[in-house]
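The data blocks that follow each hold one structure.
In the two assemblies presented below, chain A is common to both, partnered first by chain B and then by chain C.
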Partner chain A sequence: MNTDAWLHALDGELRRRGIDPALARHVVAEAAVHLRDSRQAPLAAFGPPDAYAAAVAESVGSPVRSAPHRRSAPGPVRLEARGIVKRHRRRTVLSGVDLTVRAGEIAAVVGANGCGKSTLLRICAGLESPDRGEVRLRGTLGFCPQDGGTSDFLVPDEHFALVGAGRGMRRGAAVRAGRAYAAALDWDPAGAGQARFLSGGTRQKLNLVMAGLGDPDVLLLDEPYQGFDRGSYVDFWRQLWAWRDAGKTIVVVTHLLDQLDRVDTVLDLTPARTTEARA
Partner chain B sequence: MDHERRGQWLRGVLDLCVLAVLLRRESYGYELAQSLDAAGLGPIRGGTLYPVLLRLQRTGMVTAQWREGESGPARKYYRITEAGGEMLRRTAADWETFTRGVDTLLREVATR
Partner chain C sequence: MIKVLTVAEMTVREILRRRAVLVIILMLPLAFYLSRRGDHLGQSIRFVCLGLGWALSTAALFSGSAARGLEPRLRLSGYGTGHLYAGRLAALWTLGLVLSAPYFLLIRVDADRVEHGAIALIMLLTVAVAAPFGLVLSVLVPRELEGTLLLLTVVGLQMMMDPAGSAARLLPFWFSREIATYAVDHTDGGYLARGLTHGTVCALALTVLAMTLASIRLRRRPHLRPVT
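Right after this comes the complex of A and B.
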């Protein structure tokens, strides 16, 4: 089997095992580089494609597509929004939205642009008031905005210390926890410069890490993965399941519908707006 | 050396050896394999090495980045994280304790 044929077979085997296509590309590219550097035959260096693909699949854990299913019954209700109505000038953005999420559940809020997803999240976070309706929240809260949220002239460690301080953490503990969360997102913030020099995707990782600092009970995440590459995106969902398994309540705004089989509740805000348009 | 047994030994310590090499400086797969060989571990196959690197990456012990080298094409460079360094230091101490026991017993054999 020549190298190209072997690499092609490996790609197929990785995908067949449900490995994320982007990750599969990385694995194949890395094997190709290795084969060129070592001048070895693929079978000698890596063995048969299916065996190597199996070893890769085992190393990266369960494939993303078969996300861990519910392990235990969900816990008590942590977030309850009832009859939320919000108008921006004359336009009704939210017309009587209900959302109930328990401990150990992920709720996805979906819908077209401008249908009020971010507004709903900000109302749940207490950053905006609804015109009608009420939000009940039991426990502590972490919020990850869609953008903003970072301070241009602070380095990541200072962000961790600052947010940690607000959640009763000592500086050292906050920085350690921040770096550990960052590592789970495949980001090493130790030597990173001020936030204004970070890429958009990395700034969002910083936002996400800050939301999780201090172990809040409820996490509200507004499309936190913008600018993530595919690998980071996979890490992000892993982090979400880890939080869910730890009994957190998670609300995530998303427009990516391929994720919806991995969440517990889906709140689609689009119909409300369609009705509104017809009315 | 018995091939089978060498494989078993490697399985137990390869991740630690990889981290130890990365503690010197960041590196990519093939270079890591060469460093491990030079350190006396013998040749490590790509099929053995990369799954270990993936696991280390998944557990946050290393980070990885594709980058152009000074010469040649892009390679995936691995760098040990702070968590990886901590884990390595802890486990190196455990390893010391463990092998001391094995050493003591096996040395008796050599002197008999």
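Right after this comes the complex of A and C.
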């Protein structure tokens, strides 16, 4: 990791830990001066940026940000799936699944591989038909697939313009909104190449930004953080909470069971254990 | 209209960035033309029209296949199936016309004893047929490879089958040989009329079929009920 990349990473880690921006700039500037004068490699001088940022946060008394409490009570029901049954050939994947999510709520869909998490999300998005059951949707929908969903030969700004036109946004506004969402995920898409040249994690950021463009009321996110580094993963949850505070309804497929304290509803699709629990 | 134009613009951008494919598409009709240029100019003209059809069908196939993952989410982002289909088709037709123009000029300069108006008609009909034909294949076959092999089969049959046989009329580019015979050999107007009818029917049928298949693939499922 070169000095510039290390300093950039340090800046991001300090921001994620809620350090005052002025203080963060000061810390980064001090580190830069030290590295220049000492001619040391940053990892040798300070260690990994996240560890150094944690030490700085501890020394100034800034707590590491965890899941914030919801700022307001949930609103009306936006997404209601009832009695969803789906079979693939002779195997029953979903057996009478119910899910209700309100405005200002995050629901996590969890379960083992192959238990139907992505299938349920695609059914909720109307991209796949169930064998039985119905989904009631109030408002507009944004969908982030687990993979695909982008065009290999378009650059990020063109993706924003394409989705934005569908949402009735002007091109300039769509590109600005896309770049702003991307910045919240610590990604600068200006000048980025075609999607086929993006790393897996960056491509998923593009996917996530596209899902949020145009302020849809309901966001369906299918493991959107695949390939994210730790910092991006933290940014991702902060973005989710920001959307929740703005009254969005969010359903996120995840297999990371240690993150369930961050959501309001958990739907476990593990066979023989299909339950909907509220936090 | 903005939605259609945006899809058309992005489709053109995607195709223009497939540089290797683009070079092959541009050069393929030329190779067909040069293959019989020395001994049989009429056959060269027939082949160049087939080459244009194959090249544009391939571009449409690649474009349609590449859009498979993106179009469902665009449907959820406010696009209708008609916007997506019309935009893609408009882009492909435009590309086909641009691709045809230099070959028409080549024939105009290189062959003076042919009906140039009829050659222009073949090229117009070829563009009109080839784009929806490639889009139909992109829906019916799961991958580009299978689609390319199917296109190869169709164009190969088109070259080998006796155009006077009734089975040859089932092929989408049969009209090009009929009209080319009129244009090159100065036969009676029956060739022109049959070719024009065949080409028009093929273009309309394939356009409607491609739209129908797109509508089925991107349909709104009835289990999803919007509540207002």
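The rule is short, and it goes like this: the second predicted complex is superposed on the first by the 204 of 279 C-alpha atoms of A that agree within 3 Å, B and C clash if a C-alpha of one lies under 4 Å from a C-alpha of the other, contacts with A are read in each partner's own complex, and residues count from 1 in each chain.
Keep in mind that, in the parts below, a contact is a pair of C-beta atoms (placed from the backbone, for glycine too) under 8 Å apart; a residue touches a chain by one contact, two chains touch by 3 or more.
Because the structure is predicted, anything quoted here is derived from the model rather than measured.
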Contacts of A:Glu134 with chain B and chain C, given as first, second, both or neither: second
Contacts of A:Glu30 with chain B and chain C, given as first, second, both or neither: first
Partner chain(s) touched by A:Pro21 [first = chain B, second = chain C, both, neither]: neither
Chain B versus chain C as contact partner of A:Ala165, first or second or both or neither: second
Partner chain(s) touched by A:Ala184 [first = chain B, second = chain C, both, neither]: first
Common interface positions of chain A, toward chain B and toward chain C: none
Chain A - residues contacting chain C, complex: 123-130, 133-138, 140-143, 145, 148-154, 158, 161-163, 165-168, 194, 210-211, 213-214
Sites on chain C touched by chain A in the complex: 2-3, 6-7, 10, 13-14, 17-18, 66-67, 69-70, 72-74, 76-79, 83, 220-228
List of chain A residues in touch with chain B within their complex: 26-27, 29-31, 33-38, 40, 44-47, 51-52, 55-56, 58-61, 179-180, 183-184, 186-188, 190
Residue numbers on chain B that touch chain A, as the complex places them: 28-30, 33, 45-47, 50-52, 54-55, 57-58, 60-61, 63-64, 66, 73-76, 79, 81-83
